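Two complexes are shown next, each including chain A; its partner changes from chain B in the first to chain C in the second.
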Partner chain A sequence: MKRFTIIALLALVAAGAAFAQDVNKILKDLDELGDFDNQDFSAVYTIVSQKPGEKDSVSSVQLFRRDKKKQFTMIVLLPEVNKGQGYLREADNVWFYDPTSRKFSFSSIKENIQDSEARNSDLTLRGFAVDYESSGVREGTIGSIPVWIIDLKAKTNDVSYERLVLHVAKRQTMLLKEEAYSVSGRLMRTTVYGKPVKLGDKQLPSQIIIMDELNPGERSQLTMTQQSLSAIPDRVFTKAYLEQVSK
Partner chain B sequence: MKTTANIAFRNLSRQKKRSFLLGGAIAFGVMIVTLINGFAGAFSANVSENFSHLLAGHVFISGAEKNGDKELSVIRDDAALSAAVRQAGIAPKYLTRRSEFSGTLIFEGKKIRTNVAGVELATEDYLRERLVLKEGSWDNAADPRALILSEKIAERLNVEVGDRLLVQMQTVNGQNNVGEFRLAGISYDAGIFGQLLSYAGLEYVNELLGLKSGEYQTMGIMLDSLKSAEPSADKLYAGLSASVSMFARGERDESGAQTPFQALMREQNKEDWEGVRYRLFTINELLSQIEQIVAALDTAAGVILVVLFIIIMVGIANTFSMVMFERIREIGTMRAMGVQRSGVRQMFLFEALFLAIGGAVAGIAAALLVMGGLSLINFGMDSPAFLILKNGHLSFYLPPLRAMGNIAIIALLTLLAVARPAGAAARLEPAVALRTQK
Partner chain C sequence: MRSPAIKTAALAALALALALPSAQSAYAQGSITFNEDDFFGSEDEFFVEVEEAPEGTVGASLLVYDRVRVGGSVSGSATASWTWDDPYSSFALDGFDAYSLKPSLSSTLFFDARPSEDARFYGSMKTAWPFDEAEVFELFTDFNFDEKLFFRFGKQTVNWGVGYFFSPANIINLQAIDPFNPGAQLEGPVSLRAHYPLPGSQHNFWAYATFDSPDMKPEDIAVAAKGEFVLGAWELGAGLWYRYDSPLRGIVTASGSLRDLTIFGEGYLARGSDKTWVSAIAPFPSGTVSYETDDTSAFFKGSAGFLWSKSDWNLTLAGQYLYDGEGYADADRLSLIDQAHAFIDPIPAGDAKDLAMNALKVLVLGSGRHYAAFSVSKSELYLKDLSASAFVLANLSDFSGLVRPSLSYRLFKGMSASVSASFAFGSADSEYIVLNDGPAMSWSFGLSMGTGSF
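The block that comes next holds the complex of A and B.
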């Protein structure tokens, strides 16, 4: 009887370890799907933001990414009043350029894009496998699509959200929904990813809906267009480019 | 000389109405300038004192911890700091321990950004003395999640005492966090800056910031008066430097481009350091740019003084020219009796000097009366002009040297104005003066 119990326990531990490995693989797959490691990526994102009692606001940004060097350049195309503003990231430094004052100031990857719910980090390289560890996995569905619901806990306090709950499609690894929680454990925002677009062996959602759970009714919808994997000139990832393009 | 001065004084009292009008004009100008000087004199002290009440201290010590690229604002163990305060012999009136964050308060679809100071609500008598509650009570502050808002913020959020509010903020590490407060009280607004600050329990603010119980970010040392701030800070800095690692104090920038506190932070960012360090700064170092406002007010007062007196000088010069013609036969008689030219000139100049000094002294006296009257008006602690008031009252301080300087300038300008008619009177030939028909 005793031997039986030990075998059962060992089997459980082995199954747990195997499942943990599966979760890690899912996270790595998710990271890889959006990681343009050996090529450049550019796209235009149109962001429609809704706030109760206010008119919808539309903004648009041109994004250039070079994930190999952790670089990105983002230029505001709309609204007209903010046209020419831009962000430049090099490794861990992010600068914001204001064409009115013609000055750069330190910014952050956690900064919101214009007045929307979207942040710079939503459009750049993600690192679920690096920044988080799984604290639980269960099965569920979104509509009729079977999903893994993976509970993630931050490994360090460098990330914006202490806890994430990912809903990942089972049939083909694809992130469908993400819930972000505060350090105190409160749901802060829910992001829904839709209409995936294949770009070579990579895949990105062409539609992202971000809902602010603390301010019901506040949401932003991001639509990706003009996506491309064409090589981007080096000068695009410089301060001089941001200055020049805003003239 | 004494006889000439006596004659000059008698001449002034002979023409009471004219002397009164000329002296009155001088007095009015001096009164305006003195009022501006008096206001500027108290402005800096009032703003600094009121800010020190808002920030709960005249001298501040804040802690910084750096590990690699990451820097946190925290004081984990203040034993060395408290010991240094004791050893410096500065006898603080109050010692406050606070943590603070900037966050968005959310209530039923309404949001407002504010700073929330975490204070020891149950024990910090200082806050209870300064903050007047309009609604709610300090008993509610026993709730660990108590929050005290100013009436403007409460009005904009449409919250009432007892309501629960959310706050969205970031921990000291920059992670997103959400807290829930219960509104314990609504305070009277302490001017525009009072609206920027809300108060909550230190323990809960620490929890939201990701700090442990007993830790905090800034120690505030409230002294007997603002005047003690600099000498106390010097003593304290010397004591602290011997026991803990300190950042160099901020240098005063003569150009006024940055405050000593900004200079301190800039130097700190340039430095390559690791571990735990402390920075010490005073309320004056935080607000040194106020001195520029005071300098601007004093310059404005100086310009007003000169402009007013150029106008008054023209009046005085004309009046004394008329006086010379009125007294032309009298001057002739005096000259015929042996009074020298210099005696006649001195008589006119003495008259002008007496007029200037009398007018200036009267002007200063009138200004002091007006200041006394104005300072009796209670604008209340909730006045929008709270920051420039002293306990709700306008206050003035007239530096004696400045008052004396003003008197000297006025005397000089008046003498200049009278120099030409006095010279003309002195140059009169006795015979010509005596036969002149008015």
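The block that comes next holds the complex of A and C.
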């Protein structure tokens, strides 16, 4: 009996180690799916933000990404009052251009976009495998899609959330849902990723809904259009471009 | 805390109760609807088709307009204010020393024409009631050489500084930052600017030739150049400004981040100064004022500050310190104020005395060497449409200042109400006590009406 228990434990440990490798592979696959390593990526994101008792607000941004150089340019197209505001990011440095004062300034990448629930980091390169480690995996379904439900704990302080719970489609590795928790374990934000599209050898969601769990009823929907893998001119990732396209 | 599963189930139950279509695993709220089956599809029909961008338009579509864009903003308000010059010695609600009602109506109009990727024409005008004049605020054209060297010629804002409330490096614009309205655009001169972003980096080089008037000599042109360099998580800048027969000026800037805290600093060094100092004031009845200038001494100004905001909390903090080497030394400033009193005090009350007091205010305004400003603002304070802020501006040389708390409530889209107060503090003859005719307290009630952009 004792021998059987030891063998069972060893089998469990071995299975656990194998599963941990699988989880790491899933996280790396997710990172690669969102990483346009040798290609430029551009798209227009329309963000509808909803707050209880208020009319929906609509924002729109033009996004340019060059992941190879960790470059990111975002131009606000709507609302009219913010039109022409621009963000330029290279590695960890972010410049914000305000056409109202015609000033450039540094801005934190963790800031939200246009008073919506979306953060700049929602539109940039992510690093689940680098920033987080798995603390548990189980199976489940979303709609009719079988998923892995992966519990992640932050390895670094440079992330927005301490703990994430990811729901990843099994057959086509694809993130479908993300729950973000604070250090105290409070659910802060739920994000669902749907209506995926294929773009070259990549697949990415064309719709994202972000729900603010601290303020029930507050949510934002990001819809992607005009996506492209065409080469982006170098000048797009310069201060000169932010000035040129501003109002 | 509710779990997402419980929340989804509750919303799904609500959807069922409301008999929404496709109620299973579905909920809808406002215009954002979410149906799991539709949103995630099935394993067999996982991907959807979405319109892709036309070929060859990436980055260019924002640089060309098919028609001239015209826009602007209109700002309207009415503010009633009551001021008590010395409320701490004797206060009565109806004992105010001054009151006023200030209706305000102002507008900015702009045009923006972009006939091709390489050409842009932009102009803006400002006017305000009583519409005595409409001022051209900006008028410039953009063009470039081979998309590498970018030119802008015309009347334009030239922001060299990185400061928020104060900016010693702001040496080209025609206006200084107003600490009470730090986000406002500053008026700049007519100038030719060349901008060269160094390829493969975020280093930038800027060169300027500025023109003071439409009728000038070639030697009256001011020339300036600035370089901006990214070093790790910091952006450093250095610039020089020169005009014949004017003080040579140099500036340095630095800005960076420590986690969510934005930090910035500026330095200014010049050989000589354009400033004119008061050196002596003769006693009553003469009142003759003596002045002096300095074309040879080195003058330094420096400033450092921070900006912190947390969008989840709707909270923003900003603070900055300024050292102004062109300010008066404390002993000189106190001596001059004493001399001013020796002239003003014997004057009988009336217009002549008011005129002399106004001259004293001009003398003390910005006369210190050490200043600081701090602001805190929070939106959605308890109520969705309630915002609060507090601002402190202080002369650290004489420990006087002004505290201005305010509350603003959006009544509905297009109209908001605000209440603000202003408290001057400091000793007698300190800067903000002189400027406010004593340790004054003011209360203002305002309505903002129809302010917006188009």
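One rule holds in what follows: the second predicted complex is superposed on the first by the 243 of 247 C-alpha atoms of A that agree within 3 Å, B and C clash if a C-alpha of one lies under 4 Å from a C-alpha of the other, contacts with A are read in each partner's own complex, and residues count from 1 in each chain.
Assume contacts are C-beta pairs under 8 Å (C-beta built on N, C-alpha and C of every residue); 3 or more make two chains touch, one makes a residue touch a chain.
Because the structure is a prediction, the values reported are computed rather than measured.
Taken together through their common chain A, the two structures put chain B and chain C in a clash. Within the superposed three-chain model, A:Tyr161 lies in touch with chain B and out of touch with chain C [touch as defined at top].
Once the two complexes are laid over each other on the shared chain, residue contacts for A:Gly217 go to chain B and to chain C alike.
Number of chain A residues touched is higher for C, counting chain B against chain C. Of the two partner chains placed by the overlay, chain B and chain C both lie in contact with A:Arg186.
Judged by the touch definition given at the top, the superposed model places A:Asp92 against both chain B and chain C. Of the two partner chains, chain C is the only one that A:Thr100 touches; chain B does not reach it. Of the two partner chains, neither chain B nor chain C is touched by A:Gly127. Within the superposed arrangement, the part of chain B that overlaps chain C, taken from 205-213, 295-303, 331-339 or 421-429, is 295-303.
Common to the chain B-facing and chain C-facing surfaces of chain A are residues 53, 92, 108, 110, 186, 214, 217.
Per the touch definition, chain A reaches chain B in the complex via residues 52-53, 92, 108, 110, 154, 157-162, 180, 182-184, 186, 188, 214-217. Looking at the complex, you find that chain B touches chain A at residues 69-70, 106, 109, 111, 166, 168, 171, 173-179, 208, 210.
Chain contact summary for the complex, chain A toward chain C: residues 40, 42-43, 48, 50-51, 53-54, 56, 62, 64, 75, 80-81, 88, 90, 92-93, 95, 98, 100-108, 110-112, 115, 142-146, 169, 171-172, 174, 176, 179, 186-187, 190, 192, 194-199, 203, 206-207, 209, 213-214, 217, 219-221, 224-228, 230-236, 238-241, 243-245, 247. Interface residues of chain C facing chain A in the complex, by the touch rule stated above, are 1-4, 7, 25, 29-32, 34, 36-37, 39-43, 46-53, 55-56, 58-60, 62-63, 69, 71, 110, 112, 120, 142, 147, 150, 156-157, 159, 162, 183-186, 195, 197, 199, 202, 204, 230, 233, 235, 255-257, 260, 262, 264, 307, 309, 311-312, 384, 452-454.
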